[in-house]
Every structure is written in structure tokens, then in C-alpha cells.
């Protein structure tokens, strides 16, 4: 028996099918979840994939956060189930207050799509155990509302508790995917909750799991193998 | 220093997908009794000098040529009290 | 039927690149004397029933939980005269 | 106000209609009267005028485009040719690919963001209407001078609009062009192409057959978008009290379109659809008349059932509205309930607005009265065609004589260096990353090649590695110098770009951007370019599967450079064997092929 990982589809979700593929590539079973269903089909973990749910109208993630499936996910996340929010999924998690802070329009106001260098800050979450703290990885980034922001004291708390999971790697040539692409405070690309089971980030690990496709790197696979190991060991 | 506000809204005959998305979400949030929602932009301009007729006329021109595209949008200029 | 307007603006301490982009463009357009520009959202809600205190309270709640994200935004509700 | 019913039209033969304001010529209007044997009703006039426009009827280009069929190379790859929403080619393993390029030039000049965005929306609906899942987009662009202030207004808006719409639909942008030239200052070219993938058995056509089958309109509500002409009809002729405010520019709703894609594909998967048509220019006029005229029977439509965004619309306006994000499907009665349920699942409004009938009339009713009674073929397919006069321009010789050999050559290394730097830093050659970085090229997880490669490549089959490649090219300056050869150069360049990836070129689509066909100089450019393209395709063995003609791209007397843009589609049996542009490993050798 392998782990069952749910992948949520909201109206306007775009990366659900690639996320399902990434889950399968990692060796787990991908279970589609529909925004209108409260039923989580007994999955062991959930991914909220990227896209433009509800067209990103109002604010990215603001409308999806009120969907029936989110009610169940919020409940399960509080009980410890691993939840990963990628890009729009991260935005949904902040709107749902499962993660602190909020996402704003990129400082240069443009959508940005590029291969982004990230530094893994902690392997102590459900989704990053297969990485080493300090490791540099490169995965695609693509968003227009990716500027992470939070109050100073929230940021201090995140840092103090080791809850900044990824930072944009700023050392190096910008053309090579280094640099803060959107003006996120303290170069934050991803964070976790206090328990370490809920992780959100802007870049897209599911686009970096096959050597032929996209950037040709597989640096994103570790997200899915991390959670799989955790679930199978549990 | 005074504040002048320019409101820019899509013309009523133009589709407003954002307003529609908000409106459609209301029943799910338990809100009814709102028959239409339109979403637009609000610009707050801090003006250095006095906001006299000349200043307002220039801001109206700014709104007309830059802040709004009058092919699809209407605008409204007012001094904030 | 009455119209209630909800204005949503980024909190003053939050960087507003859209407003800044507008402000930076002003000199090019021959405008000076505007020291700051902030850009926000304006929602126009058409309310079916009477806009009494109860209705306004509900709209305020709507603004607080949905139309604005109070982590980053302030809002203001007013009945349009 | 009197409703202009068919009966009313019969009884009032002498009522003057504003056919001229609707863009019809006197003899064209007479032709409508002949066809009907009476004067048209206002609604019929609306339909004929919009369907017989240059944009919808190809009346100036048709006689020449026939060469694409007449000179078509022998190929087994072509499953659906010119004439449908988009052509379809066989790429093997039971997969078929549909692709097409279209223009949205003028709207993008008026409102760059929305014009470009709705251009992407339109081409993607053509792809869905064929039964395919859209898998990628491309955007060949031509702008005025890079340093002109108006380029600063238009270009960022266009790029943001293409990105805003395409990104929100989840379609990777895998190629395109950005060319600056002063000739496009008042007439930027915003062309957009899309590719879709389907199984052979899923190919759908725009065809209404089977009497009793229901006609379902689904997607956005109908508003007063893009109906300037119809408003003239409504306000001047029959009802002076109508509001005159009708937007000339459409606002796109990519979220709605994403829902349309998903619900349409789900309906296809459950085999619920007999025929389907997207609503583009000419809206319901086009969808109903084309569905009916391609099918075996007639059609009856109740216009009152069309969901409206603006309740003041007149029937003529509803027929002509260009509101975006709408589709029309023909569904068997027993399957209607399931079809509507799928639409509901995706929050898409869907309404039965008519049915397929015996016979061959398209009849449209409003408030219970018949306002249209036509043979749909006369609306959709039997419009006027012109063989417009053309002649080699008097200035062509002088233009050709003025060749580059007369330009000063660099004498020193420094001069050469300066010239090389000038070329490299010119906006036409410099990096386009600031554009392409605003487009999502990774979404869907099948992108094998995208910018900065010469051709984009998408994996079609995860198991076998089957993939397709596409490149678009065009060169207005070459084409102006010699339209016949210039069109062939565009074809050859796109062909090479596809071949260089390792894919085998299969077929092409084109977007022919020219000035006014009423100018014999321009018409000659058009005729020569089409001839060149047709001859080139015959030689290379790549049939033309479809495309788009955009005429009247001119500011006053000044036409743009003749700009045929060619998209070549190729197939590769395993994307693992693709050849990227970058150097490989150290020690690899570099060869120069050709003369």
C-alpha cells in the first residue's frame, strides 16, 4: 500500500494534472479532490496546486478559500495532515489563515516566469525531509502576485522558530535565476506552520520532476518523496 | 496638502468579470440581497499645492488620458474632505 | 435599491508598486505637484432592501472577511448618496 | 416600436434599411433582396451584413486562397482541411493535432490589453471547438518603432494581455515573434496561434444535424459588445429610444474560458455533442448560420432564451453581439440533461435556445414572431466574392534596385565592431526575454522546448514520447521587396526552425496581414504572396490547414508592409531525441550546412 495524496481542483486551477503526475512519479497514488466536495476520500496528504482559481479575481486565493473542500482541509491540517500549497495553493493557505502573512503584486508589476534558484532553509517539515538545510535547488517560478509580506513581528517569529522553509537565493547572476524575483520580504519563498505539516511556497516543484520537461531538472521531486517517506514510515 | 480621489469604474455596459466573480461567491458566504457588484480602481493622489479649479482640471485631464481608458472606463474626480 | 461602496486600500506601511508606477509616470506626462499616489479597489454593491444599520453591519462584515484581506488592507464602507 | 418580422417585411417592401451604414454595397444589398425575394428584416440584414463582411466572408481573398486547395501536396496527414474552425493533422499513435493562427490587430491598437487578451481567447475557442484540448499558444507580434511613444502605450499592454489571458488559461506560451518597424505604428499586428491535441475519434465539426436535436448556448451571457453596426439598425430604423451605448471593445474573462475548456472537454469525453461552434466575430449570426448550413437540416432558434447581460438589447443586437467566451453545441434530446449537468458542475451558464429542424431554413423567433427566415447557406457560404484588380506597383522596380550593396562597408575592425554592435543591440535582434518571461512556458508539464529556442515543442504522449513542434515566422521587409519570395522565405524559415529541433514538418497555418485590398498595389502583394506560399507548400509537401486573412491594415493611404506570418507544425516520435539550440558538451563539432 502506498500513500494516497489528494490534489485539489478549484475552478481555474491549472497545475492539478501536472501535480498528479508528480505524485505518481514519486511513487504515490494521486487522488483528485473537487472543490465542492467536503469528502477528502481518506487521503493521507493534500496538495493545493497552482493556477488562477476563480481567475485570481478579488485576490488570489480569496474565493477558493471559502470552498467546501477547504473546510475539511483546514480541519485536517490542524489535526496534523501534511498539506502543501504551491503558488495559488500557497495564496489559498494564507487567505485561509493556515499560514501567516499575505501575497501582494510583484514589485515590478509583471508576471514572471523563470527557473528560480532557492535555498532550502529547513528539512524539518513534512515536505522537505529529503533536502538538506542550506541546499540550493532550482525550480520554475511563475506568478504575478508572489510578493510575500507579513508584519515585522510575524517575520521575526517565523525566523526565530525556523519556519522560513525556502528563500530566493540572491547570490549570483540574476540571469541565472538568482535574485528576489518579486520583492518578497526577507527573500521568503516558502514558509511552514508551527507543526511543520503545512507548507506553502510560490515556486513550482511539480514542474521539476522529469529531466526532459520544462527546465530539465528534477529538483522538485524531493517534495513528493519527502512526504511519501513520512507517510509510509508512519 | 490635500487628497484628491479618482475612482475609475468599467462602463456599465462593459463586462466586469471580477465584480461578477465576487457576486457569485456571496451566496456561498451566506450573503444575499446584493443584486450586483462592480469592481473598479481607486486612486488617492496627495496634491502639494491648493486644490483649486485649475488643479482639478489638470487632474481630470490626467484621469482622462492616463488613469482611465475611456474606451472602456468611466472616472470620477473628487476632493476628499 | 441603494448603492453601498466599499473602498479597499493597502495599509499605509505596505509598499504599493502600482501607485508608485503611476506616480513615476506623472513627470513624463507633464504633471508635477503630486507627492504621492496610492492605488486601491472600489466595490460598488447594489443592495436590494433598505440600507439600515443591520444591512451596513453585514456589509462591514463582508468587507472584513472577504472583500479586504486585513493582513494587508484597510477598508471603508459608505452609502452612496 | 414595430417589430420587423418577416411578415412585416413582406408587407412593407419600400422601407429603407441602413444597409450602407452596416457596410454592405448597393449590389450586395440587392443580392440579399433577390435571395429572399423580398426586403430583409432588420435581423436578417444584421446577419447578412456581418457574415458578408470581409472579415467573415473572405470576399476579396477567397478566389486566391483556393490555390491552397488546388496546389495542395499529396499527404496522408491531413484529417480536416481548410474551412473548419481549424485544420487537423494526424501525428500518429491515434493522436491528432489542430492548430491555427489568427489576427486581432485593430482591437489591440484601441485597447491593447483587452484586444490582445481576447485575441488569445478567440483562437483557443477555435481549438476547443474541434474537440481538442488546447496545449500551447504562440504570439507573433509586429509593433511600430521601439522608441515611439505610442509603442510604449501599445506593446506593454499587448504583452500583458496575451500573458494575462494565456497564463490564466494554463496554456504554455512556446513561441512567437516581436518585430519593430515604423510601418506598423498605427497598425500593430497582434497574431495569436494555438495548438490542441485530441484522439482521432474525438474530432468534432461545426455541424447541426439530426432533426429534433437541441441547440445549446453556453458560457458567458450576451452583452452589447462590438455591435456598433447593429445599434445603428436598432436605433435609427426601428427604435429611436434604445440606449446608444454599445462598447466597441470586448473585455475578456479568461477564467470563464478556462471553465469553457473543461466543461466542453468533459462533454466531448462523454460523447454528448453532435456538432459544435464557438462564437467569435459575428456571434450568434455566425454560429447559427454555419452550424445550420454545414448540417443536413435547418434550425429554429428562440432568441428570447439567450441569457443576456443587458436586458435592453434588441434582437438584431443579440444576433450580432461579439461577447466573448460563448459556445454553441448541438446535442441529442436524451443527452441534454447530462450536458447541462456538466455545465452546472463547472459553473457555466447553459441554455437550450433552439433545435435542428427538417428542411433547410434557419428561422429565428423573438417574442413568438418570426424575424429571420433564410437559407443559412446564403448567409454563411454564398456571400459575394470579388476578383479585385491588382497590378505590380509602379515603385516596385525602384525598391528592388535600392539594394544593400550600395551601403557603406566597414573598412576597419573598429567599424565592423561598431556595426555588429548596432545590429546586435537593435530591438529586433536584442533579447526578447523581457517579453517571454511574462508568459508561463511550464504549465501543463509537457513543455520540451520553449524560448529562447527557434521552435517550441510539446510532449503529446507521456508513455511513448510522441511530441509536436511549432515555429512561426514572417518578414514584412522581404515580402515588400518581393511578395512571392518573401512569403516563401517565411515558410522556409519556420520549416527550418521546426526541422532543426528534430521534428518533421507536417503542415502549416498562416495569418496574412495586408493593407487595403481596394488598392491594386496591395492586392498585388497579396496575390503574389499567396501564390508564393501555395507553390512553396507544394514543393515542401506541407499542406495549408487553415489560417486567417487580415486586410485593411493601414493608416490613411499608407499600408503596412505585406506581412504573411507562417506557422509550421511538425511531429517528433520521441521528444527525448529533440535537439536544443545550445552547444552540447565540450569536444562536439560545429558544422555549417548549405551554401
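First chain written, first letter: the chains are A, B, C and D, and each begins at residue 1.
Everything that follows uses one rule, which is that contacts are C-beta pairs under 8 Å (C-beta built on N, C-alpha and C of every residue); 3 or more make two chains touch, one makes a residue touch a chain.
Given the structure is predicted, the values throughout are model-derived calculations rather than measurements.
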item: Pair of chains joined by more contacts [C-beta pairs], A-C or A-B; value: A-C
item: Whole-Å separation of chain centres (CA-atom averages), chain A against chain B; value: 34
item: Mean-CA-position distance for chain C and chain A (Å); value: 30
item: Chain B-chain C separation of Cα centroids, rounded to whole Å; value: 9
item: Intercentroid distance (Cα basis), chain D paired with chain C, Å; value: 39
item: Junction residues of chain B, two or more chains touched; value: 17, 21-22, 25, 29, 39
item: Of all residues in chain D, the ones touching two or more other chains; value: 253, 255-256, 347
item: Overlap residues in chain A, where contacts from two or more other chains coincide; value: 54-55, 57-58, 66
item: All pairs of touching chains, each written as two labels joined by a dash; value: A-B, A-C, A-D, B-C, B-D
item: Complex contacts: residues of chain B adjacent to chain D; value: 10-17, 20-21, 24, 69, 71-72
item: Chain A contact footprint on chain B (complex, rising order); value: 17-18, 21-22, 25, 28-29, 39
item: Sites on chain A touched by chain D in the complex; value: 11-12, 14-15, 17-18, 21-22, 51-52, 54-57, 110-114, 140, 142, 144, 204, 206-207, 210, 212-215
item: Residues of chain A defined as touching chain B within the complex; value: 54-55, 57-58, 63, 66-67
item: Residue numbers on chain A that touch chain C, as the complex places them; value: 58-59, 62, 66, 94-95, 100-102, 104-109, 149-150, 183
